[in-house]
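Paired with subunit B in one complex and with subunit C in the other, subunit A is shared by the two complexes that follow.
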Partner chain A sequence: MNPATPAPRENQGAPLERVDARLKVTGEARYAADIAVANLAYGVLVTSTVARGAVSELSLEAARATPGVLDIVSYDDVRELRKPTFGMGSYTSLGPLHERRIFHDGQIMALVVAETYQAAEEAAASVTARYAQEPASAELDSPGTEELDAAGKVAMLKKDPASGDFEQAYQAAPVRIDAEYRTPTQTHNPIELFSTTAVWSDGQLTVYEPTQSVYGFRSEIAKQLNLDLAQVRVVSPYVGGSFGSKGPLTPRTAIVALAARRLGRPVRCVVSRAQGFTTQPYRAPTRHHIRLGATRDGTISAFSHEAWELTSRLDNYAVAGTKTTTRLYGYGAVASKVRIVRADRQTPAFMRSPPELPYVFPLETALDELAYALGMDPLDLRLKNDSQREPIEGKPFSSRHLKECYEEGAAAFRWRERNPRPASMREGDWLIGFGCATAVYPTNVAAAAARVRLAADGTVRVQSASHEIGTGIRTVAGQMAAERLGVPLAAVSVEMGDTNLPPAPTSGGSNSTASVCSAVLKACDQVRARLFQAASAAKSGPLAGRDVSRMTLRDGTVLAGDGASQPLQQVLGASGAGAIEEYAEFVPSGAPVDAMQKLYRGQTTMVRSEERPAVSFAFGAEFVEVRIHARTREIRVPRLLGAFAAGRIMNTRTARSQLMGGMIFGMSSALLESTELDPRSARIVNADLQDYLVPVNADTGTVEVIMLSETDTSVNPAGVKGLGELGDVGTNAALANAVFHATGKRLRNLPIRLEDLLGGDSAA
Partner chain B sequence: MQPFEYRRAPTLDAALAEARAAATAYIAGGTNLVDYMTLGVLRPQTLVDINHLPQSYAQIDASETRLRLGALVRMSQAEEHPLIRERYPLIRDTLLLAASRQIRNMASLGGNLLQQTRCEYFRGRGFACNRREPGSGCAALEGVNRPHAVLGTSESCIATYPGDFAQALIALDATVEIAGGRGAPRRVPFASLHRLPGDTPHIQHSLAPGELITYIDVPAGPWTRRSRYVKVRDRESYEFALASAAVALQLEGEMVREARVALGGVATVPWRAREAEEVLRGAVLDESLAQRAAAAAFAAAAPRGHNAFKIPLGRETLVRALLEARSMSA
Partner chain C sequence: MTHSVAGAGMSRRTFICAAAASTTALPLPAGARAAAARQTAGSSPHGAGLRSVDLRINHQDYALSLDPRTTLLDAIRDHAGLTGTKKGCGHGQCGACTVHVDGQRILACMTFALMNHGREVTTIEGLSEPGGALHPMQQAFIDHDAFQCGYCTPGQIMSAVACVREGHAHSAAQIREYMSGNLCRCAAYPNIVAAVQQAAAPEA
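Presenting the complex of A and B:
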């Protein structure tokens, strides 16, 4: 069998090919900056070379004199723009051209617009600045930062989760773990560069930009440019990777739109790789203090998770993953606290599994340490503390098959063949280590709208302004329609990524498949109802007068349930209708009544796992094999294996691809990715893909994905939990645990690098 | 990018004549030069394209006693040559483990030797760099210097020479043939092509302006078959060396008759470790001898913060290369 097309188990959809696979491999898929626009001018950003201070002089003369330069937008030119407000719509409250203060490295100081990209770039490079520079504090431990309790100050955390008397339980525990962990700054670096193309026509603005939220962008752009929503259209047909970086708007977009308006000509600005590191958000570095207490049989009696996250001076942002870690196992007493550290950096934002990836790492590493302290198999320790209720409010999980994931994963990985003693397994010059950890991701769902049209020729069109960021959402939304309307996927076309379509939520928090497919499902059911009605209401024909409630649709045929049937083209033909088109709004239970109106205004109201009567999460068990050269200590990862239970799997091919990509992303996050700051200037040094490393094919060995069958219709009508951000959670801990198993060295700071393992003079 | 002129040279004489003008650069594969032009770090006014010189400069001439490589031979062309694979495994490995196949299809051997450092601060973006802007200072000294050199450094520059192929050439006593000036081409030992940074890190090699590398000659020695390259890096592929070792050995039983050792990823120029060779010569090659040779190779190493690990790593890399070369069947 082809591993890319896993055979569907129960409640899993067929591994159909992506509807846009051919377009993508042939380069026919058009990304925002590929869209042909007549009479384009090109914009290039000028960014600061200090991280803190004020711009005392910006010399633009040479730039203005460069042949081909049309305009420069800088300080004093943005009176028409409103400063952004920090929130889901805009990642920062910084209006970089509204004041001459510099809050972070690489802050926008000007936009140079020219006839060609090359001229704009040459001119931008000629701009020089004088600064009143101030020392910048840009790391978690830098002196001069400001530390605050996060609860109540950040959107993601109202109150630090806690339960029982942690201190007492911890002191009483016979076996204890107390350790600190760190994760680094990371930059999303989607391969598609960030870009904005702004086109004005009769007071109407069209923005082509890669985004995870066309409606969110629209309302933020309208706000900053003082326009009505109806005056702005945002188009983002395909997105070349995103990982959260294209969720909120950045200040560049309004500046480019302003430049296009001043010039009376469309402007396109493609941001360089280096500038992408500083003009877009990033994953903040985190520090964690974990304490675990357990009885000798491995029952955890106390768990405390304290964390520190970096944010900017301007905006209080935190991901606060304690909401997940404090609910992951049946601990006894629980304490937690999140703090933010305000520093001279741009504001961070979501990066794939924003809370879970950095917060599950310390917990799942500490569990491995606890297992060793107890002399217990790390897998058994997790099973021992598995629970069907979360410990904070005592709510049940809507479904939880973590144990089954561990069992099936361990068998496939041959985990039990592992010699538990550290540094005990070896092949030739390579030390071998196995590690495991839990993957977890909350099930989020949001209001969404969709329009579905069934034409008389049996073709179907699905419209919803979701975003194809590489997840396969076009395919699964099409598949949902094909399934409900009984037509082949090839007969379905899916339109997304445009504010002219019915709104869909931000493609974040792994909610899209659940939300959009639920809306598509609803619209399809409305189409079916009308179709069945037409069949039944016909004066003649095989289905005339039949009971619509017993009708079904399969393979292009309406079935009456008693053997009678009629091809759907005939049903439509007989009814005289050219097409049946239905618009549906899906509003999940627990959402505010005005969720749909908010969505039209660009605001996604996510119903989060912990807000429901039963909390819901997708789970997985991940296993990693590392091989470490006994002498030179390169760390290689020949095997990654994950077994996941994530509700209904719409398409086993695209789901596997997401989970596999997730695990590779997790490995990369653990071993390679780190945005490095120059210690003196607080500026990013490795702002390119030469030294910001991500894995290449040779780093990726066997990646095995097992998808357990799980049915949970309580989460949403589609029964989907979402898995785009599940696979990358826990991989880092499983890897660090495998490194410990291979070498006996416990590493608590990411990324793990070979120098961390070069102990003493002779490593062999 | 600053505008530039492009000239295609059909003959060697034409190339040399074009390159007499100021601010000219030869372009071969362009895989290094164009990168730095787009960054604005290199700003030639004229590019002289040497890809259309006569075929002889793109040929490999291999015999029992010597190997002659045209400067325009592509890296992938050399790595596939059966005689190189058989008789000069070291050369083949330095090519095979470099860059990616796509880049190696474009990249010439001549251009490879003269590739620029990968120091992040050298890439511009407002950082001080003596190599890019003489006298501006060196941001790497107290900066993020994990990839930087521990051997051959100066107070002006600690940038690593990034190439792999050069380590094979310096180990195997290669010479380069250089055209330019008036008379016949001159021949210089490869070891004298690159210059230590000293207090002039912006001068990286001993070519006069307009001089062109035409050929690389590698003598065959009794050690070339038992030769090995070990390259250590974070990624399995597509990354420059954190440390590498090029080793060629002539053994008599267990005893080392001749040894050639070069180190990559740890030094500012292609680095011949003669101190290690001294230790090896005439002694029985075992773990302890290899360790002593490695210690000698790094005796003068000077760490700078993040790159301190390169000293133990470089030593272990050399030990590994020596022991792996010992067990080759040659």
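Presenting the complex of A and C:
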């Protein structure tokens, strides 16, 4: 059996091959910087070597004199550009060339454009700057930072969730946990480098750039360059990984477009790996104070989650994961508070599971601590506090199969064979630890549009400006059309990643499959209706006069209720139509009436889980085995296992791959990844793929994914909850809990490194 | 939008002309005058400082005129127009640019194009005929869903083919070790191991 193609359970789609598989294994899939453009000039960024201060002098003479250099865009050259607006469209309000102030390390100071990439690099390297440097605050605890309450000041949090009298309940609790946790700065580092290619033709601008939001980019580009939306086209057919980094626009794009306009020549700027760390957003470091109170039987009676997140001096940004953690279990009283800490850094933004990955870590680690304090199995503690209602407003969950996830996952992992005593399991020189934690991700859904054409030859074309970032969205959107129109997937072509297509939401928040498939479903149903009408309205033929409400479409054939049938090619032929084409707009219930108009203007309006009458989340139970060498403290992860319930699974192949990759991403967030800053300068010191650690193949053991059958049509017409950001949530806590089980050492700060395990514990 | 360029004996200049001819020709804009004015003797990209480099890629000859600092990776992508090979770091840290030179896997970003003068370079495009049967490793990657975004995939496949050829695919552990120079941020690693095992297995 091939583990990549799990047999579908009920309400799960077939593990069909990706529609773009051949393109991807032959090198024919075109990513933004692959697209051939005639007469290209090459741009290279010049970035600051201080994190805070003023640029008193920027010396460009040597750069201008470099053979092959065509132009340099710097201060004084951007009067035609409007500054970015902080929000969903742009991650920052910083216009780096609008003023000579430096707000963060590696801030853009110039763009050098030359005939060749080599000349541009040489020239950029010759630029020197003098600064009036100021002391910079790098981290949450650095002197000089400024702390604010987040609620009401950040888009993600209107009010801190709370319920009941936490202090009283906590003081009354016989068993209490009170601890602090930290997660580090992390940088997305998709393997595809960030890039912009700007091409002008008769006042029209085409931008080729990897993005999770072609419409969002178009809108923000038009705004910054003072253009009409119709003058800008954004094209991004395949994206080489995003993880949030390509969601909002960065200031580079308008600068490259401006250079191309000045030069009268297309310009391509591929950003270096190091500059990707400073000219793009990142995951902010967080600090958490968790307090849990419980009765001796393991019933949680009080939960408080206070958090601090770092942001820039310019923009109030926070992911505010308390919205999820305060609803995760049936706690008694709940208190929460999120604060933002303004430092001399660029503005952070979404990174895979933005709120949940850093916020579920402290909760799920604290639960493990509570379980040990109670002498209870950590799994049983979670089941004990499982609830079908969330505690903040008492709303029901639309569906919640966390218990089933734990049961099936624990059986497959052989969890119950674990000796609960810390540092009790060993094989040779290797200490063995098992840990578990809950995975959770809210079900987001947004307005989306799609156009579907059924041609007389039985081929189908699906168009929607979503983004193939590796999720398999082209495949599942095609699969939805194939299923509804009764044709094989091979007969379906899917076009995405272009503002010339009907708009789709930002590919973020794991909303795409739900939103886009719902739009495709609606368009397909309109096509079916027209096809059935044509069959019924025919003067003669096997379906003439039949009841359209009882018709179905299967294997290229229209079937009537009485079993009469006619191939769809004949139906279309008889009607005289060359094709049936339908455009559909899907607007989820609870969305504002202007959600679709906003979408055309580049704004995605998510209907969020907690805003619905029944809150909805996808759930999972994750299990991790670690092996820690008794002498060297080397940490290995031979086994990851996750059992998930995420509504309808469109394709078990692509879903498994996402969940598997997610768990490895989660493992990495716990063991490897940390963007390190020098506290004296607030500069990043590991801005490359050698020193910013990401997992390699040899870091990865076996990863088992179990997808439970779950049906929940209340979430959206497609019944999809979204799972791209589910697998990586909780893995970090499960891993830290496994490290505790292996060694008896409780580690509350990520990442966990072997030096954290040297000395001072009971396990050697 | 994309062009299969790369005829035998095509220089970069003729490549650019061919590409220009086959897309909408761009008008010579007013803004170009500033650039032209700034160009002094010797700064022409087609003038001093360029070297002729003969590369043989996928059994085709390319006569390129390159800045001697051009890496093999940039020559393959920007001058030969073969964009299947990817740039992920430019520092030999990610493996996305893996190609074969004289049958050995190398990182194309870590070697200058002119150091490969006259050698046989194989890229992902040379592994199978366009539209034809796939190389067994390519098919194995499809069968095991050994990619998500697909960006690192050409490098993974070129490494995987070499890994088998080198005799380093005898066990899952060995494959993991010898495939660890190729980063996959989507983390398709277990599927990559399964794909390499399938392709390495003797025909049933």
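One rule holds for everything that comes next: the second predicted complex is superposed on the first by the 759 of 764 C-alpha atoms of A that agree within 3 Å, B and C clash if a C-alpha of one lies under 4 Å from a C-alpha of the other, contacts with A are read in each partner's own complex, and residues count from 1 in each chain.
Everything that follows uses one rule, which is that a contact is a pair of C-beta atoms (placed from the backbone, for glycine too) under 8 Å apart; a residue touches a chain by one contact, two chains touch by 3 or more.
Values in this document were obtained by computation on a predicted structure and should not be read as measured data.
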item: Which superposed partner A:631 touches (first subunit B, second subunit C, both, neither); value: first
item: First (subunit B), second (subunit C), both or neither touched by A:456; value: neither
item: Partner chain(s) touched by A:758 [first = subunit B, second = subunit C, both, neither]; value: first
item: First, second, both or neither for A:148, with subunit B first and subunit C second; value: neither
item: Contacts of A:172 with subunit B and subunit C, given as first, second, both or neither; value: neither
item: First (subunit B), second (subunit C), both or neither touched by A:689; value: second
item: Partner, of subunit C and subunit B, that touches more residues belonging to subunit A; value: C
item: Partner chain(s) touched by A:679 [first = subunit B, second = subunit C, both, neither]; value: first
item: Touching partner for A:62 - first (subunit B), second (subunit C), both, neither; value: neither
item: Partner chain(s) touched by A:243 [first = subunit B, second = subunit C, both, neither]; value: second
item: Intersection of the subunit A residues that touch subunit B with those that touch subunit C; value: 118, 122, 688, 690, 695-699
item: Residues of subunit B that touch subunit A when the two form their complex; value: 1-3, 40, 118, 120-121, 123, 125-127, 139, 142-144, 147, 230, 232-239, 242-243, 287, 291, 309, 312-313, 315-317, 319-320
item: Of subunit A, residues touching subunit C in the complex; value: 2-5, 17-18, 20-31, 33-39, 64, 66-71, 115-119, 122, 189-193, 199-202, 238-243, 261-266, 270, 272-273, 468-472, 653-654, 656-658, 660-662, 664-665, 668, 688-690, 694-700, 702-703
item: Subunit A-facing residues of subunit C, complex; value: 1-3, 5, 16, 19-20, 23-32, 34-35, 38-39, 42-45, 48-49, 67, 69-70, 74, 77-78, 81-91, 93-94, 96, 123-125, 127-128, 130, 134, 138-139, 141-154, 157, 175-177, 179-194
item: Partner subunit B, residues of subunit A touching it in the complex; value: 49, 118, 121-122, 125, 274, 429, 629, 631-634, 636, 671-672, 676-681, 683, 685-688, 690-691, 693, 695-699, 753-755, 758, 760-764
